[in-house]
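Each chain gets a letter, A, B, C, D and E, in the order it is written, and its residues are counted from 1.
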Amino acid sequence: MSAPPASPPLVSIVDVHKHFGGFHALKGVSLDVMPGEVMCIIGASGSGKTTLLRCINQLVEIDRGAIWVDGELTGFRVDGGRLHHLAEAEIARQRLATGMVFQRFNLFPHMTALENIIEGPVQVQRRRRAEAVEEARALLARVGLADKEASYPANLSGGQQQRVAIARALAMKPKLMLFDEPTSALDPELVGEVLAAMKELAASGMTMIVVTHELGFAREVADRVVYMDGGLIVEAGTAADVLNSPREARTRAFLSAVLS
Amino acid sequence: MSAPPASPPLVSIVDVHKHFGGFHALKGVSLDVMPGEVMCIIGASGSGKTTLLRCINQLVEIDRGAIWVDGELTGFRVDGGRLHHLAEAEIARQRLATGMVFQRFNLFPHMTALENIIEGPVQVQRRRRAEAVEEARALLARVGLADKEASYPANLSGGQQQRVAIARALAMKPKLMLFDEPTSALDPELVGEVLAAMKELAASGMTMIVVTHELGFAREVADRVVYMDGGLIVEAGTAADVLNSPREARTRAFLSAVLS
Amino acid sequence: PSRIASRGAIIAAIVPNYPPLDLRDPATGKLTGFDVELGEALAAKLGTKMQWQETSFDQMVASVRTGRVDIILSGMSDLKSRQDTATFIDYLRSGSQFFTQASRSAEFTTPQALCGKRVGASRRTALPNDIKAFSDAECVAKGKPAVEYVPTEGSADARTQLRQGRIDAAMQGGETLPYIMGLEPNTYAPVGEPVRYTLMGIATGKDETQLQQALAEGLRGLMADGTYAKLAEKWQLTPSTLTEVQINGGE
Amino acid sequence: MTPASAPMGARMATGSAALPDVSGYSIVPQRHWGRWLAVAAIALLLAGLVRAFAVGQIEWDYVARFFTAPTILSGLFNTVVMSVGAMALGIALGIAAAVMRMSHNPVLRGVAIGYAWLFRGTPVILQLLLWFNLALIFPTIGFGEWSWRTVDVMTPAVAALLGLGINQGAYTSEVMRAGMLSVDQGQYEAAKAIGMTRMRSLRRIVFPQAMRVIIPPLGNEFIGMIKLTSLASVIQFAEILHSAQNIYYANSRVIELLIVAAIWYLIIVTILTPGQMLLERRFARGAGGSR
Amino acid sequence: MTPASAPMGARMATGSAALPDVSGYSIVPQRHWGRWLAVAAIALLLAGLVRAFAVGQIEWDYVARFFTAPTILSGLFNTVVMSVGAMALGIALGIAAAVMRMSHNPVLRGVAIGYAWLFRGTPVILQLLLWFNLALIFPTIGFGEWSWRTVDVMTPAVAALLGLGINQGAYTSEVMRAGMLSVDQGQYEAAKAIGMTRMRSLRRIVFPQAMRVIIPPLGNEFIGMIKLTSLASVIQFAEILHSAQNIYYANSRVIELLIVAAIWYLIIVTILTPGQMLLERRFARGAGGSR
């Protein structure tokens, strides 16, 4: 289609399909994300945004198509022209390349903020605890929670919890960060602090895929915006193109509904 | 104080005190309610409105003072210049003179609307079931729920439940009806239907004591309005007097807070 | 046998609920009784040791059959019906003896007086059959009401029920009564003579002829050197002693 | 970064040409090796067990023969009757103890607490033995004229009923209490307000609502009781295990008769389980998150 | 109707002059006759019981003497050790069965369901008898070279451990399952997202959170297990009831020794109850309604 670029894409999604029972949730999605790019995905409820993210880090197994992350085919091994499922441990290893931040935070409630952050580095990556703690403190400081390392999630506000969740994902040193409506479970006054942490992250050059309804954030930070509907990508382009002068009628309808 | 009137009061409350542990909830309340009178009680949260109602129908035992209902001293028997507690069965009998409608409806969830209404007449007053059912149907029609007799409370809206609760209280043929914020647990769009049922009841000549924050209702229906604060009656008078030109500063402060 | 020689001990099943033959000393919790001391002496005579294995009465026969134990030395009656599954080296005579509460001994002077009364005995033993046989012969056949058998969990329970008066009399091996009566003086009284005599034997596996011969030999030795008589006297069992060793003498 | 705009569903960006095209490749169905290994191991084990039971020293014709022997069937009958009786006693005592526990009187409360402590703190088998041997403490029961010999009163059946029922009451009282506490305070008040006395409001208003919370644990306890009656065999109550033992004391077919008893227990319990569900549905009437 | 306006706290309306003034009358303190009658009846009953126990045919010096007899103490030790051992086995089996029950493999799920059905459907006492008599079915255990005579392996202690532990496992699996289901699905996903395998996420994330739901019922089950070990007396395991029985077989002091055992059980259970509370508090760490 277009000429090969300087660097290969970090994520390459090719004709991905996903069924849940009889329901066809993704109907052939293709998408490339370049290193350092910030991509926002918007779309109505049920359009498959969450499912797409979950396919990328293999919380959901795809039915057809392929997803490459950082040059590796995810979930499968090619052998003799056929695709073989990877073992669970292999999949777990591949997941280390991506960090994920959930809508409902999903912090581990029995661990303090610091313990949440070092859990992955120490238990999964087998790094030295002292080193992990030091890095975790730096990450907490970066999301503005230096004083909360000993707090349990139950004693943190939603916004604070979500920032700890971001730090937890970053602690694994991922190449790619996935955000699934990171602010939609927050009280309005707490949204800003989380978006600020995400902007800082984007500015630092992290590759990010962000599902969000915060059009202001998308406009300000996103390199590209993708609009999904009914399990398909309907429109993609720069934030300005998609948000200000959408070509598709469905996109226009969605935007006018969200903005009102 | 003033000259004896034509008929004796239906309810006569004389210097009633009530403590809950160390807390002095009623600090000497005196009040007469005439037959056919509609009296509204207003006041801030914690001022003792609910407690006063509960004293009248003996859900709470008073510490000092006396309450007469329909010419009977409630809760006690006078013997040799001393007051003796009545037996539980006697108290239950005295309660038949009053009906009570609660803020939270308190319908019996394991009984249909009709069964809720006939429970008292059949089980307590030992009336014939067929007769009780006939009257219950009439009462349901009166509160506008003729078609709901077979519904369980869980399948009724809050406003419908409260109207069934009014019918349940009326089924006992009380001389006096007590209402404790009957509309404050309702969604705003359901308040009107309950107030309408109460207005109809007032118009039929029932003696009513109504704790409410619905000043519109008080203005329209109440013969007298009483303002309570800190376990005391601060001001009493016609609805017009108390609501439009309160004498006490506390009443004025309360009214302006409620109206804004 | 080589199995026992190599192990250096004979494994014997015992149920310590039948004083004075088998019991645990309440003070020390150690196994003791006539069977235990006889077994120790026997083992010593055979140049080996005894290893006691506590089991339940139900399991004893199964235990020699499955080889859990080499022998049973626990006051077991040598009955024809049991000779299918085990071979017995008889060492004591037992009589199925009715007894009652001392306070009612005048009421029951002969076993025949028990017709129509309630009599308890362990349901795990052959005693219920003895009661039935007695009742059929001495009561029913003579037009008197039958003895009513009341099952109990063991002989100790039978005595407990007797003391409570739940039953009018009980039956157990007569050889044990003198000791029991010494333990709880003025509580029990025998009723007449035993209604049936049986032999008590050391049970062994049917095919273990070598072991059977050795045990019989050792027992003869103990009888000859007076150890047997001494132990019997210590546990008040002298009237029940045998004069010669038999194999499967029971009927 | 060259934001592409392309028709929906098509490749949207650049560079993926560098990656091999796997779209034509078929996916090899997943084989869960570890999982199937576990299944195989378990299947082998089960097969071994079944074979062992089949060829082992169990004589299945004995099992079949004694399965409906009169002694066994009467034992079964006694098991069921005793379970129902002891459960009924347990429920009655449980209600009484729960009402006492919630009374304002500290002495009554203390008695209810002590009751639960005593009978939940000791094994049932021990309680059965104590009841059965009660005559060792009280030779007679009653006063003056009306007095009976304890042993005449305390038959195995009565001792089992008391032992099991009183023990059950201690557990049931907790269930009842939880049920009564689950009923909203406003229900008591509404009942009072239409002139009900405390006892009538408990009967008409509180208990019917508490049932929804009470029935599921009570169903479990009843199934437990079926099995608990087996302990009464030690005090000579002729329930099914006792019957089985009586037969094997006579014929030494220990395992066969234990299997007969086990199968009967499984049958009763399996029949009761769906019954419990029906009952639960019945008492959920009118529920749906009101109040 | 003449709406009056009067100073606060004063009589507010008309006509009450017709009613007698009772303000000077003192209230006679309430006497709860029925209640005190009940108390008196219960007190009488208790006093009667205490007196009966005191003067009855119980020889309390026997109780005192045997309370710390070596046999009893070793029985007590065995009771405690067996409870801990059987509970440990039960927990291990319970976790395994719960994980199998939640697996995707229908065979494993079926095995877990069958296990719970079989062992919850039959009385423990019967299970104990079956294990103890296993040699009647399998004379030897093992294959070829490595084979032992079943009776050497299946000592009373081993049979009790297996019988009690496997039975407990069937109950514990339900507790474990409820605990695991109580953990939010999002927790599994979050664990996966930081690269954990299923087993590691169960160990590090799910179980620690499930503990809060698991510990209270498990504590009750442990207390139940203490009492359940008493059943092992029928297969000659020398726990405390068996020790007591051995002594009363020898000296006929039935009631006295049953009382000794009962007191010991009450002591253990009473000690454990506050221990359970401490444990519960420990595992509530970080809880407070988040997620």
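In this text, contacts are C-beta pairs under 8 Å (C-beta built on N, C-alpha and C of every residue); 3 or more make two chains touch, one makes a residue touch a chain.
Not measured: the values here are computed from a predicted model.
Taken together, chain A and chain C share the touching chains D, E.
Chains touching both chain A and chain E: D. The chain with its Cα centre farthest from the Cα centre of chain B is C. Between the Cα centres of chain C and chain D there is a gap of 42 Å. Taking each chain's centre as the mean of its C-alpha atoms, chain A lies 49 Å from chain D.
A separation of 84 Å divides the Cα centre of chain B from that of chain C. Residue positions of chain D touching 2 or more other chains: 133, 136, 139, 234, 254. Contact with two or more other chains is made by no residue of chain B. Across the assembly, chain C contributes 59, 62, 160, 163 as residues in contact with two or more other chains. Across the assembly, chains come into contact as A-D, A-E, B-D, B-E, C-D, C-E, D-E. Chain C meets chain E in the complex at residues 16-19, 23-29, 54-56, 59, 62-63, 66-69, 154, 156, 159-160, 163, 183-184.
Across the complex, chain D is touched by residues 32, 35, 38-39, 42-43, 46, 52-53, 56-58, 103, 105, 107-108, 111, 117-118, 120-126, 129-130, 133, 136-139, 227-228, 230-231, 233-234, 241, 254-255, 258-259, 261-262, 265-266, 269-270 of chain E.
Residues of chain B that touch chain D in their complex: 57, 59, 88-89, 92-93, 95-96, 98-100, 102, 104, 106-112, 119-120, 123-125, 152-155, 161, 168-169, 172. For chain D in complex with chain C, the residues that touch the partner chain are 133, 135-136, 139, 149-151, 234-236, 245-246, 248-249, 252, 254. Residues 58-59, 61-62, 85, 123-124, 150-153, 160-161, 163-166 of chain C are the ones that touch chain D when the two sit in their complex.
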